[in-house]
Amino acid sequence: MNTPETTGARVLRELMGPEHLERRKKTRNAFNAALQDYSEEVCFGRIWARGGIDRKLRSVVNIATLVALNRPNQLAHHIDGALNNGCTVEEIQEMLLQTAVYSGLPAASDAFRIAEEVLRARGLL
Amino acid sequence: MNTPETTGARVLRELMGPEHLERRKKTRNAFNAALQDYSEEVCFGRIWARGGIDRKLRSVVNIATLVALNRPNQLAHHIDGALNNGCTVEEIQEMLLQTAVYSGLPAASDAFRIAEEVLRARGLL
Amino acid sequence: MNTPETTGARVLRELMGPEHLERRKKTRNAFNAALQDYSEEVCFGRIWARGGIDRKLRSVVNIATLVALNRPNQLAHHIDGALNNGCTVEEIQEMLLQTAVYSGLPAASDAFRIAEEVLRARGLL
Amino acid sequence: MNTPETTGARVLRELMGPEHLERRKKTRNAFNAALQDYSEEVCFGRIWARGGIDRKLRSVVNIATLVALNRPNQLAHHIDGALNNGCTVEEIQEMLLQTAVYSGLPAASDAFRIAEEVLRARGLL
Amino acid sequence: MNTPETTGARVLRELMGPEHLERRKKTRNAFNAALQDYSEEVCFGRIWARGGIDRKLRSVVNIATLVALNRPNQLAHHIDGALNNGCTVEEIQEMLLQTAVYSGLPAASDAFRIAEEVLRARGLL
Amino acid sequence: MNTPETTGARVLRELMGPEHLERRKKTRNAFNAALQDYSEEVCFGRIWARGGIDRKLRSVVNIATLVALNRPNQLAHHIDGALNNGCTVEEIQEMLLQTAVYSGLPAASDAFRIAEEVLRARGLL
């Protein structure tokens, strides 16, 4: 018998796709379990599950944040998520171009390279 | 005879209001003139003036970026601008709450304090 | 009739003192309520309430983090909390001196100034 | 005849193990020699050699700092050093989990991945 | 018939060499074209093309900035550019050593490793 | 009888002026003494005292670094120091303008404001 899906797991699945959720389960171990639970319950179950702004806007917040924070691994995931959430390629291009002004050109250059990899993997470039 | 308004000055006026533009002019001096021109021509005339995403989305990009970059002066301006661009108080609240997960709770706490000041100055809190 | 104290409120009271909790309640409003709940339930109720390391070690983690993140408001609170958690003045001095090597001298200089204010307010300097 | 070991070299050897010291010597060249001396004499000979807090606490300061500063190479070394200094796997897990709240989830996610690699290399995961 | 070289392309070619410009053209695509134009026109055509300080000093500004911002890809390019602009290996060594004090030892350690790769590729180490 | 001036104190005096050194002495206390010694001996006595690049170039490194690191207190000191080291107002303006491209416009805007205060205090604006 399956345990019912948590809110966080549902949001994460809708955002990143079922394969992402499967990969997470396979990398779960005694060391990272508490972080995976935190991510699922706090990040996705508590914050992403809220109303107030739609998921596309949440993706925009994350992309801008991750460019500024210099976190390429998470940025790739959230560009993927943004495309799943209805962002177009042109919208992602515009957001990243705007980060050149505020987070600086080196941040934007790295972000474009990461976005190109995500777009190529999806056949969008 | 007045010189015609530049694209950047127009966008800046629409985003931040005519008083903001007046204050900028008054603080202009020999030292900061090149930066004011850069801001008007590159930031507002070249990037903010582009299509592709609407101004509300550009405000969202900036708020998330400025929280992550720890730049309270600019964050206050762009929360103000976001309200001018059609963001609601609830939307700003949701964005800032989301930064607690990604940029961390100290970043979000500082951002809420700054936002509260902007909202109070506009009679929205 | 009082509602029973939550785990997070209890940890926060033990860490920062009852006056801190009172000040928080007074600044609570419709805009920041969701962040205060997040802080109380996630930060203090979920993470600080865990075992595994004692609270003094959690204070050390926070002080080092807040120096690196450049968040003076929170750093002042957590230096206060560290003293409540059993850190000595000498231990705080040593930690902050070590941040000069890793986070850089400007970060450490700002941190010492903040710590001196906290120590003076407590009559420890 | 050998030159006597400096204080910094001794502390570095005790913290990171003799193999680490050997690797350092092999990578020493005309360009990086001044940095290696700075590291040995200032970081390890002057700061790590101080009393006031024990080495385990110094490792905690460093892990929290390096997560916040986004420096994966050094973080891996200092997780290794923390285990040599008497930190348990559970303590490292708790510290890193706490960074999710303060430095943000992307910082903690990257840090867990780095820690897992260190733990696997030591047969601890 | 060729279009005449823009100011930005000329500065970029003089700074990074003609091969760098060729590589840029080959990686240009519909997604990154706007960023490449921004870089060429704003960064190189508008800022690097200015007088006031010589190019060597501009390289120094960039190296220090990119160490602090933790952007290794761009740092490698600008160490290369600095050598083209007349910086000596010893000058780069001194600048990077100084970043150990201000940006912290982990930043300087990463920067030295990147600089060593650039120097080796040019046969200077 | 006076103790002879250390190398670090001499460099610091030459860079920041004798009044700066006097102010430092007056703020020295049991808590910050170890940091003041670290600053004098490591930062000024060991690094700034080196040859290889002249002091003006060291000031340039620091200004770019402090803009990127978001450390206004130290930035003000080092803009002052740069003027003492022979940087002209125009050179400082150019450097700060360049940081708009790399560290981003918000960083440059804050830096210009700080520089204007320093220049006004010296009667240069």
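In order of appearance the chains are A, B, C, D, E and F, and numbering begins at 1 in each one.
Rule of thumb we're sticking to: a contact is a pair of C-beta atoms (placed from the backbone, for glycine too) under 8 Å apart; a residue touches a chain by one contact, two chains touch by 3 or more.
Here the structure is a predicted model, which means the values were calculated and not measured.
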Based on which chains touch which, give the shortest step count from subunit C to subunit F. 1
When subunit A touches subunit E, do the two copies use mostly the same residue numbers, with over half shared, or different ones? different
So which of B-C, C-D or B-D is the twin of C-F, meaning more than half of its contact pairs are the same residue numbers? B-C
Looking at Cα centroids only, farthest away from subunit E lies chain C
Look at all chain centres (mean of CA atoms) and spot the one farthest from the centre of subunit B. D
Fit subunit B onto subunit C over the CA trace and report the rotation angle, somewhere between 0 and 180 degrees, nearest 5. 120
Rounded to the nearest whole Å, what is the centre-to-centre distance of subunit E and subunit F, using the mean of the C-alpha atoms as each centre? 25
Per the C-alpha means, the centres of subunit D and subunit E lie apart by a whole-Å value of 30
Can you give the whole-Å distance between the Cα centres of subunit C and subunit E? 40
Hey, what residues on subunit D touch two or more of the other chains? 38, 42-43, 66, 69-70, 93, 97, 100-107
Using the touch rule from the top, collect the residues of subunit E that touch subunit F in their complex. 42-43, 47-48, 50, 52-53, 57-58, 60-69, 90-91, 93-95, 97-103
Within their complex, state which residues of subunit D touch subunit E. 29-32, 34-35, 38-39, 43, 66, 69-71, 73-74
Note: in the complex, subunit D contacts subunit A through residues 70, 89, 93, 96-97, 100, 104-110, 112-113, 115-116, 119, 125
In the complex, subunit A touches subunit C at residues 38, 42, 46
In the complex, go through subunit B and note every residue touching subunit D. 101-107
